[in-house]
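Listed below are the structures to be examined.
Here chain A shows up in two complexes: once beside chain B, once beside chain C.
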Partner chain A sequence: MGRVPLSYLANRLATLVLTVFIAATLIWIIPRLSPIDPADVMFGRMAAGGGSIENSEAILRGLRERFGLDQPLIVQYLLYLRNTFTLDFGISTAGFPTPVATLVANALPWTVGLMLFSLVVTFFIGNLLGALMAWERTPRLWRIAIPAAMVFTSIPPILSGLLLMYGFSTQLGLFPLTGAYGLNVEPGWTMDFVRSVLHHGFLPAMSIVVVTFGFWALGMRGLMITVQGEDYAVLARAKGLRPRYILYRYMIRNAILPQITAFALKIGLLVAGQVLVERIFAYNGMGKLLYDAILDQDFPVIQGVSFVIILMTALAVFLVDLAYPFIDPRIRHGGAGA
Partner chain B sequence: MTGRESSAPETSAPDADGDSARRVRRMRRFDNPWRNPKLIWGAGLLLGIVALGILGRLFWDADLVFTGAGTPRQAPAGFENLRGQAGSWSHPFGTDVSGKDILALLIVGAPNTLYVGVLASLIGMGVGIFLGFSAGFIGGRLDDAIRVGSDVMITIPPLLILVVAQASFGDIGLTAMAVLIAGFAWQSPTRLIRAQALSMRESGYVLMARLSGASTGHIMFREMLPNLVPYLFGSFIANVTTSIVTAVGLEVLGLGPQRVPTLGRVIYDAINSGALIQNLWWWWGIPTVLLAAMFIGLLLINLGLDEVSNPRLRRL
Partner chain C sequence: MNILDIGDLSVDFPTSKGVVHAVTGVSLSVPKGRRIGFVGESGSGKTTTALAAMRMLTPPGFVSRGGIHFNSPERINLLELDGESMRRVRLRRISYIPQGAMNSLNPVMRVERQIWDGIVAHEGPADREELRRRSDAALEGVGLDPAAVAHLHPHELSGGMKQRVCIAIGVCLRPDLIIADEPTSALDVITQRHVMRTLREAQGGIGAGLILIGHDMGLMAQSVDDIAVLKKGELVEFGPTRRIIKSPRHPYTRELISSVPLVGGGRFPASAPAKPAAAPRRESGPPLLEFQSVSKSYGGATALRPMSFRLDGEAPRIISVVGQSGSGKTTMGSLMLGFARPTTGRVLFEGGSVPGRSSGERLEFRKRAQAIFQDPYACFNPFYRVDHTLRFPFERFGLSGGPEDTARAMDEACRAVGLAPEAVLGRYPHQLSGGQRQRLIVARALMLSPRLLIADEPVSMVDASLRATILDSIHDLKESHGISIFYITHDLATASHVSDYVMVLHKGHVVEAGPPDAVIGDPRHAYTRLLIDSIPWPDPDREWGSEVDARAALEEIEIQPETVHRGSIPGFELRQG
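Let's turn to the complex of A and B:
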């Protein structure tokens, strides 16, 4: 870790821990401010759900002990923190006796996959269009079309998702309306399954892409303008290199790096947007899990999903902050170390 | 979009087209920065939505939002539904699956959605101004606490905490929802104002005021605040956008006010009743387009304000 000063690392790490801690605390306190006692509701539902299951009494007794419901609030809180930080969120009341952790573990790969896919596509398209906005050789039509397309970036992805669903699914029938894979394929690493997943994932991903690429494009345009004035760009032009070569190898390569830090600020909004996209597409990820849990008033699942998503967000911000000096050696932290 | 992103310097595009007459005309128009086309279009869109809420109540019966106001699944005037029934002018935008009039839902719902966004943003701005100034101007331990607090809170996606809150409180009113959302609308104004206050603290007029014995409160709110108005307004508009996005998100998840119509609620009902499969496009489509118009209006106002307060962005 030669390039990252220890104080910076400690600072980031402290922010990460504090963020996760505050989020966990909020998730615990808020339901207890409500006049309805969530524990009562929860155990009532579990008892109802477990009526036909063997040993359900014993499971419930064990749970009460683990949550320490007969102990003072502060003990309950500490127990909750211990459970949460070990990713143990208890048992789903709707799917009794499935542990919440299992449900989350099943949903997480879908969410992460969809997110990475749409992120890569957005990053590519957004930065390319942003670079074209600033490039002096961009055809005139593009110069008008790109800023016009930016208007979409003010729209949340649920709205673009609905419009895409209507256009490409119900009207044109090109893509399936809902779900993450077809009912006629067996999940597994077969060609059919992979094709089905891609086919189903395309529209949800696109509804995120069309509303987020503008963020990258705007940032890229600003950075490109700075790069265009640099000496090395002028020299490359003077050497008579092909303009396209200069664009890709000289300008975009240098302008793209600061874009990565800008990303850290946007992760939270992206995640929230995707949760909603998954809900309208009934995509098998965290968003659908959360929505189903809200319908069933399945409190442990709501808390578990919220916590895991917040944890993911905070971790992503932390990693971007840490990785950045390695990706872009021009940046040094606070002048210290280096 | 926040001011930060859109404040990147504009391209020096005009060299390509040396159309001098147009240039002169544009120069003249920019004599008055407030006659900015983006600002005018954006404000027009938003005023249109507000006017829909006010005039709509005068000229249209708002009671049609209730179940059974008309024949269910009726298409807008001039269209036919899947059963081949033509829409009529008694419900110009059609009806939903339980016979609620879509036009009435828009008239009542759109101002509600806007209200939540504006109120949440106002509260967030108020808190942000107070905390940001205190941190930037007073400094010390207080600054550390506020800075760390806003850094931490900005990482937490508001939607997830609010889902927990609303799921445990059940049905809540519009104002309560706005207050909850405001809990996540103070961080970015706080950071923005703190940064500005830090740089202003050492400027001549502030030193002058301090030398003449003005109180801290006087310097913060009477001397420095007026200079921040353009930033504040931009930040306010950006915050209204995020607050509405959050509110609509909660509503689409089935949380939020249950008895008051909002645009998000209409979309939630439509998705849940399979409006997409039944091809009831007017039910979800018209609120979606109206919401999109709202967001585009807010974006245009923000871009326009950037150009008003930062003359370098204006394209001549």
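Let's turn to the complex of A and C:
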């Protein structure tokens, strides 16, 4: 449709690269402000595992050389930048000598799957319920039930996870307690495996949906009330359009616009917010990887995971920026709105 | 045959402070094909009566008494229909053209689709070719080119075009009755004339009855057959337009007619030119405001062509800037206030460039040059009492000598604009009327003792009877407080009443300038004449002119781009380029 001029695309791409660059730099600086020497930590772990160690000085030096910690800071930084932008995050100190990239690559599909699924479901349910809260034709029962369901929003996800585990797994036995897939299936594109993954993913996803749909519902309700007062909503009624058509095409269609921006921003936040959920469900995703890395003071993994989170958020915002003019015709590429 | 019979209709709004009787015992009939005007000020119940006929009263409003009978195809009481039957009546039998032309169309839907969904909702699914044929015909019927407009989104249309689309939607199913609620209130006079002409032709073409809601007696006189005057929910006078205008019986009708500012009529601020001595004379110094070859373009579009003028400010002046939307008049205001930077040239305030280089200079400039805007509601923060809006700038600019001093200054400012302080202070913006709000905004500006006031359409959103009061307040700022004022408006009539000098702007260019008696009393430029001809007067015998005439006049203007200078006044000088 020719709605995306090249200059705009270049501009957004530059912003994307700059955001990621600044974030990468911060990720590099912050651990270096801490007094902890990763080589010491690693050495300590080795010592704890194997008792006393000969040539400890030489080993420490070797470790520092291996991780490039003996180089001047600026060299470390430039190497880091080069490596990061080629998605080489170095080697895990806790899981030595597994590259961080491998760890991330193994964890990412699980998290993205779980996260996107729960986010999309939450977005859909939350916005629909929020719209129904504001719609004047909503049946009375729903009007009472929806705000009541909001109670769940005040529960922290870790508790909702435990409650769901207790109810659906321990008591009813409907879903497995933990893990991302059953031990009796071989990972691969087989029906058994896919079924097992969906079966295992259901409870973690629901524990997120239950506590986060209120965010969307409340936001949507407020937006709907604004839209209901708009002149076009009044004219829609005066045109004798069917109420449900007005709800979808005139009200929700307009009220959803700011929610879509929020959706993009949530993508990054959700990985972080999912840490505990993955932990209690022993789900092998990015959240669990990050959690373990923090416990182990595994800096390369922390950096790698943080970078991927930021990259995903920035990419999501970039994509929404590109998509927005197709969703809202008033926004034109190239700056000023209508 | 009567298409609509309203019998003894009463509408109540139960509120926490008791029941508000919005409409009380109104009875009237709309014959087929006839145009009826509902006239009254805001709160008179004219819109409420129309919305009751649409069964679209805003909750908690309800019809407490009476009936609304609709006689096509057979006689039915609209108030007794169930929801689905009433839905079928809307648009197909009674269509409603809403007030807010700017926001009445769904912003995310193409224009043609908004015509189609109305057709589909009443006649069932149709194939796209058929729908397109009907929407094209509807758009052509209101003077829009379907090839150019049908695929656009509402934000790509001008205000006048949007209102025409609303009319196209309203007439496409050939209803028996059209209710148009102030369809032109947001439009300038030239566009208003076009849109009213379109509406009348469309209504006449399908032979529908028309209820035109408005507060402007001039517009009514030019547009309808019968006038119903409403006041505080009651029908105070009803009759043929000619009779109502020529010999109004009710004093309220007379008041409405006389509140229409007439070109060439008496200057209505009673104090008018009498007492120039009262104005404190300013020390001579650099001119108050100077434009040096200022122009402004946005992207490739020129909003304002190079313009130079100098306002001395030694004696206060009111300079009117008149033009349609898109003429560059609001751009001029933004440049004066430093909200926009000139593309070329310089804007100087008291010899320094606007808005000043250092933050101290900018602050001083903001204090000495104040602004009043069109929408008095949007100027208040709805979460604060109105006091806050008055007090905050006063204290922020360091003018206050303590809380008591502030309170005294607020009281004085309220009195100066004709408001009783105890009636307005301490209340929230939504508790005040539009007129009270706008006068408070004038008071707020006054408290800062500015030297210059930029008033951008300060009265276009208030009732006609209040216009005079607010313009009086503004005029008084000049006379008693020595403030020079730029009055930016599309309304030549009010400009002729208050100003010392008038500049007529067309497409970013001053086409005619001079004292109001010359420019407005005896216009020389074709565009000025067109503006004056487009003003609706309360005179049923006057021919408002056809759209074809207006188009021809606009074309003639292109031939004559030079500024016509019609004399000058001391203290203000307009130069070419």
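General observations
Basically, the second predicted complex is superposed on the first by the 234 of 338 C-alpha atoms of A that agree within 3 Å, B and C clash if a C-alpha of one lies under 4 Å from a C-alpha of the other, contacts with A are read in each partner's own complex, and residues count from 1 in each chain.
The rule is short, and it goes like this: contacts are C-beta pairs under 8 Å (C-beta built on N, C-alpha and C of every residue); 3 or more make two chains touch, one makes a residue touch a chain.
Values in this document were obtained by computation on a predicted structure and should not be read as measured data.
Of the two partner chains placed by superposition, A:172 touches none, neither chain B nor chain C.
Of the two partner chains placed around the shared chain by superposition, chain B is the only one that A:18 touches, whereas chain C remains out of contact. When the two complexes are overlaid on their common chain A, residue A:306 makes contact with chain B while staying clear of chain C. Of the two partners chain B and chain C, more chain A residues are in touch with B. With both structures placed on the common chain, the touch criterion links A:279 to chain B but leaves chain C unconnected.
Once the two complexes are laid over each other on the shared chain, residue contacts for A:148 go to neither chain B nor chain C. In the superposition on chain A, the residues of chain A contacted by chain B and by chain C do not overlap at all. Touching chain C in their complex are the following residues of chain A: 230-232, 234-243, 245, 249-250, 253-254, 257, 327-330, 338. Residue ranges on chain A touching chain B, taken from their complex, read 15, 18-19, 22-23, 26-27, 30-31, 33-34, 36, 38, 133-134, 140, 143, 151, 153-156, 158-159, 162-163, 165-166, 169-170, 177, 214-215, 218-219, 221-222, 225, 262, 265, 268-269, 271-273, 275-276, 279-280, 290-291, 294-295, 297, 299, 302-303, 305-306, 309-310, 313-314, 317.
The residues of chain C lying in touch with chain A in their complex are 54, 56, 87-92, 95-96, 98-100, 102-109, 117-118, 121-122, 153, 155-156, 166, 169.
Against chain A, in their complex, chain B makes its touches with residues 1, 5-6, 8-9, 11, 13, 16, 148, 151-161, 163-165, 167-170, 241-242, 245-246, 248-249, 252-255, 267, 271, 276-277, 279, 281, 284-285, 288, 291-292, 295-296, 298-299.
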